[in-house]
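The following blocks contain the structures, represented as structure tokens.
Both of the next two complexes hold chain A, though its partner changes from chain B to chain C.
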Partner chain A sequence: MERGLRSYVLRRLGFAALMLVGVSMILFAIMRLAPGGPEAVLIGGEFSAEAAAQIRQRLGLDRPLALQYVTWAGAAVRGDLGRSFKTGDPVASLIADRLGPTLQLTGGALLFAVVVAVPLGVLAAVRRGTAWDTLGSAVALFGVSFPSFWLGIMLILLFSDALPWLPPSGLAEYGREGDLLSRARHAVLPTLTLGLIQMAAVMRFTRSSLLEVLRQDYVRTARAKGLADARVVWRHALRNALIPVVTVVGLSLPTLVGGAVLTETVFAWPGIGRLAVGAVFERDYPVIMGVNLIVGAVVIAANLLTDLAYTVIDPRISYQ
Partner chain B sequence: MIQSIVLAALVVALTLTGLRPAAAAGRDMVVGLSGDATSLNPIIATDSMSYIVEWPVFDSLLELDQSLNVKPLLAESWETSRDGLTYTFKLKKGVTWHDGKPFTARDVAFTFYSVLDPKVTTPHRAYFDALAGFPELTAKENPKRPEELAVRPIEVVDDHTVRFRLRYPSGSFLAVLVNPRAGIVPEHLLKGADLNTAEFNRKPVGTGPFKFVEWRRGERIVMEANDKYHGGRPALNRLIFRIIPDGVVLVQELRAGGVDLMENPPLTEVARLKQTAGLKVLVADNTSYTYFGWRQDLVPFNDVRVRRALNHAIDVPSIIKEVLQGYAALSAGQFSPSSWAYDASVKPYAYDPARAKALLAEAGFKPGADGVLVKDGKPFSFSIRHDVANPTVKDTAVIVQEYLKRVGVDARLEPLDWPTFVKKLFASEFEGIVVNWTNHHDPDPFAYTIWHSSQWKGRNFAHYKNARVDELLEQARRTAVVAERKKAYAEFSKVLMEDAPYVFLYFPQQVYVTRQGYEGFVAIPTFAGVYQSLKAVRWTGK
Partner chain C sequence: MSDSALVRLLAHRRAMIGAAAVLLMLAAGVLAPSLAPYSYSTQSLTQRLQPPGPAHWLGTDGFGRDVLSRVMWGSRVSLQIGFAATALSLVVGTVLGGAAGYFGRAADHAIMRVADAFLSVPALFLILVVVALFGASLLNTALVIALVTWAPAARVVRAECLALRTRDFVHAAVALGAGHARILGRHLLLNALPVIVVQASLMLGQTILIESGLSYLGLGAQPPLPSWGNMVVEGRQFLASAWWIAAFPGLAIFFTVLGFNLFGDGLRDAFDPALRGAS
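Moving on to the complex of A and B:
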């Protein structure tokens, strides 16, 4: 790594650490300002003021807010994210258990989106104004128009009920978690749900970016040299057109995680999104903090990697 | 990541094969739940999902029959002293814990002393108010240990005999010794442990018909048949509780074969499910009820004419028909029609909007310019808070609002999430509320805490106060003679209905859907009562 790039990365990492501290402080404050508390969920219908007070004391919620934050942050720096208020499990192990399914879902959705959307975008740009272009735009519009929870349920009704081809929910049948085919069949609908939404943006950006590049002089020169159309588009134009697409893909990571929250809930997918939703409804503060810290770190890392990816795609870009 | 790519590639490449997902094996049962458990320790657990899941793992001393009477489970028999202050239980012999250790009377004493221990966080403690030494053992400041008391409330007579001593005769004492609130836990695994946080709460060991196998948080809880179960090995091999939060998806799983039993499907789906080949619907009464209430001490709710008018203003049968598709019993007070304390002579107020308007006029309300009634320059306008996540309650609140509007009362709906809602309830920060509240199969624990005036800081958050009601609740609490309790509760129900402190709406029924071929369910009319019978459920394949 060249020196300029190294100091750039270090600077960014420094900012990232500060950002995480800021995010954790804001989140901690917001959570405690929100009405309600974990005791109502922990006790359920047999709630009593006495039991509630006892729980608050046991969980340390009766201490001053600043002290609670400092205790949490001190432990977090040492790698201890605390224990879930609800089940008493270590937060780190809850997140570790859920990370695999979420990565599988978001990774699969991203891969699906890119693999399908880039060629569709190219086709729409090259065949601008034709039926292909209209079809591509229609697919994109379809993807951005439907919320994931609705799309997910519609896909379940279509592919698990009307056409009983795929299982409606879960990661795999019990006892068949190691069976790749079973896992793949369970993954089809959630991956499609999340991927379709993502695909729309990638497709639209590929199309518009490629159209712009195709108008440039060097493309005309390449064509004038007698290069085949496919070679001009795929080798010369697309590479430059991909820079904004990479930005969109990088910036879409938070959206993917956000989308995964709903998709995971609909498909009973045991990932981080569902963990987060459950924790918010149950006011499981340590889990909310832990999940957000990890997701925040992933998003910051993704943004950094996106910036670094520019240098690979376009050697003219360099960081000082 | 490599695995993700491989899987993603498989997903993309996979042609839709047309295969149905593998149906759950006949001798297992997959139970679909809408949420995860909190704890699998019956002393600590108090939420509905935990109750359902810990039930098959633990046995209690007694269990309920279909008429809500108690019958022996871990206890073989019991004797009550003449003064009603001593209960001596003979325990079953040869019962073992899932780890092979013998179950003895010491486990029983350990369990209930743990419930009484103020260091242990459990709302179940209040159920044992009648035990000798209860105030001393549960005191906030310097609680006593059992050995410091002159009279031991729970005495281990021998390995298979345990004796409970009460400070007053209690009609509810036997009724509170049943699952899921009173499962017995093993002393040898928990002595000296902090019960609030013990690893046991996540990996339980009981004496029940099913042994705990695994709990994958948010995904599933698995248990297998206990071959050495004292009541005979259950017919099902395994119970797999799958957690599927979305009701529509849960129904699809049932139809697709991924789930064999689910509770409370969206009620609009029940008719379709009844028509679905291979599925059957079971319906059970419940003790919990939904009501429209208000702060009794606020103007104008402190006027009995206004309260009665609100009762006349709402057509409850139409709510049962429209919102619950008929799956509810009309409520006439605190007790469900399946409770022995229910008095059929007490009738709810008839829907009579003209009478409601007349009563409101009598109370001094006159129509205002915008159609809302006005008294002393103030419009009859208030907020109704409710739990946003309960669709039945939400729809009920909307219809209540509409009926109130028809008689000139302006109600604003304020949906809140459950933690916020409960906190506001117990702080008495509300005007009106629509709530579905848990109840107990015995009348005392909830009737007393909801309606007795000593409980304003507890469940009597609506601040109801009636000296005669206090008296009747005390009478019913401090006798073990059923006829006396029945008489006291009958009068209590009459006074309550005359007082009209709520619009008692309905007792929602519990609707279960299961696969044809599973037989042996017994629908006990209390919360989640059907789960008690899982030990007797078998697969017939028909």
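Moving on to the complex of A and C:
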């Protein structure tokens, strides 16, 4: 690895770590602003001042705020996110159980979005002003205007109720979680719901980025030397046009993960989104905090990977 | 808005379609008390689950309530929260983004790193934290939506102010001895207004989508007050037998958000013809 690149990677890593600290501080601050504080939730109903003081002492809430934060963050770094107020289970293992389905859902949706959106964006750009372009714009515009939960329900109405093709909810039939076919059939509608919404941004950016690149001199040169149209577009132009698309995909990750909360609720998908929603109704603070911290970490890590991906895709970028 | 921009906007067909959709939904909400055919809460067990027909244009729900009336009343909640959250978020985003762009250096770094941290927590998750702590109410809903949408607004305003800061008329104002407040307010933000207005229109669509999602999760407007989101939830259980209960409120959300998006795109084209079709 050359030196400029190495220091860039190191700087980027340090920045990601700082971001994570920032996110954890925001979470911690919001949590401590809670009216009544965690002791009110733990006891529930009426309680005496002594009981509250006791709980506060047990939870360490009587210590200085900075110390509380350091204690909490230190434990989190070692993988200890506390225990659920409700069930007493370690939060880390609750999250670990639910992370897989969420990663499957979001990963599948992202894959679907990119696989459909990039060719559609290319068609819209190359056939600018034709029906393809109009179709592309319509898809992009509708995609950002649909409420995802409603789209999901309409898909259930269509493909599960009216046409009994696909199961409307769950990860797999009960007790058949290892059955890949069952898993795949259950994944179709939720993945489609989340993916369709995500597709819009990717398709818009592929189109505008490719239009920009197609105006460049090296594309004219490629055409002038008599290369076939398809080769010019797919080989010369698209590779360069995809760089901003990678950025958009990276930037849209928080939206994707946030969208999973609704999609998981609609399809009774056992992911961390539903874990968080359930915890909100129970006021189960450690679970809510833990989920947010992990989700923030995943998103920050994904953004880091996006940035590092440039070093592979685009050799022109300088890292001084 | 200059006259020529207004003319371009009025001639922009898609923007006008968007404006019409938004105005229609706005009128439905404002006029709901006098125009809605039924009350939003009157139940009638003999009229349960009626399909769309002459008596009930959009059918009735599981309690025999008129879906059309409820969609009209629901637009009040969605639009009120949408406007309130957008206004709040724009004020915060404009002030912080403007300050970051104008003062630069340490202020810029501090503000934008906080914005980055907000942008990397998925909005819905952060909203869940706040609603868990402070409870669900209309005011809280508007506040949390603003909390998760100010950062993109701040970015846009900052970028515009950064660009404006180097212009001659700003140097002239500095040379004339104008104070920070005057330069920022009168010369930067006033000139950034077109960008802010476009942002507002697009954000309105966003905030309405977030509000409907929160209501769907049961964390927004509480029944019996109808909001488009909680109507969709109620319709979910009757999906197989009475599709209209979930379908129409969802369509209302879609049309409203689509309207704001079309109008916002049109506004951008009108203000800046050079950007037409660029994004």
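Basically, the second predicted complex is superposed on the first by the 279 of 320 C-alpha atoms of A that agree within 3 Å, B and C clash if a C-alpha of one lies under 4 Å from a C-alpha of the other, contacts with A are read in each partner's own complex, and residues count from 1 in each chain.
The rule is short, and it goes like this: a contact is a pair of C-beta atoms (placed from the backbone, for glycine too) under 8 Å apart; a residue touches a chain by one contact, two chains touch by 3 or more.
All values reported here derive from a predicted model rather than from experimental measurement.
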Chain B versus chain C as contact partner of A:147, first or second or both or neither: second
Chain B versus chain C as contact partner of A:96, first or second or both or neither: neither
Which of chain B and chain C A:265 touches, first, second, both or neither: both
Which superposed partner A:13 touches (first chain B, second chain C, both, neither): neither
First (chain B), second (chain C), both or neither touched by A:33: second
Touched partner set for A:104, first chain B, second chain C, both or neither: first
Touched partner set for A:138, first chain B, second chain C, both or neither: neither
Contacts of A:228 with chain B and chain C, given as first, second, both or neither: neither
Superposed model, chain A: greater residue contact from chain B or chain C: B
Touching partner for A:208 - first (chain B), second (chain C), both, neither: second
Common interface positions of chain A, toward chain B and toward chain C: 34-35, 153, 156-157, 161, 265, 281, 283
Complex contacts: residues of chain C adjacent to chain A: 113-114, 116-126, 128-134, 205, 209, 212-213, 216-219, 229, 232, 235-236, 239-240, 243, 246-247, 249-250, 253-254, 257-258, 261-262, 265, 277-279
Complex contact set, residues of chain A against chain C: 18-19, 22-23, 26-27, 30-31, 33-35, 141-142, 144-150, 153-154, 156-157, 161, 204-205, 208, 254-255, 257-259, 261-262, 265, 273, 276-277, 279-281, 283, 285, 288-289, 291-292, 295-296, 299-300, 303
Contact footprint of chain A on chain B as seen in their complex: 1, 3-12, 14, 16-22, 30, 35-39, 46-48, 118, 121-124, 126, 196-197, 201-202, 216-220, 222, 240, 242-246, 248-249, 252-253, 255-256, 258, 288, 389, 416-424, 426, 437-438, 449, 457-459
Chain B-facing residues of chain A, complex: 34-52, 54-55, 58, 83, 86-89, 94, 97-98, 100, 103-104, 107-108, 111-112, 115, 153, 156-157, 159-161, 163-171, 173-174, 176, 180-181, 183-185, 187-188, 191, 265-268, 270, 274-275, 278, 281-283
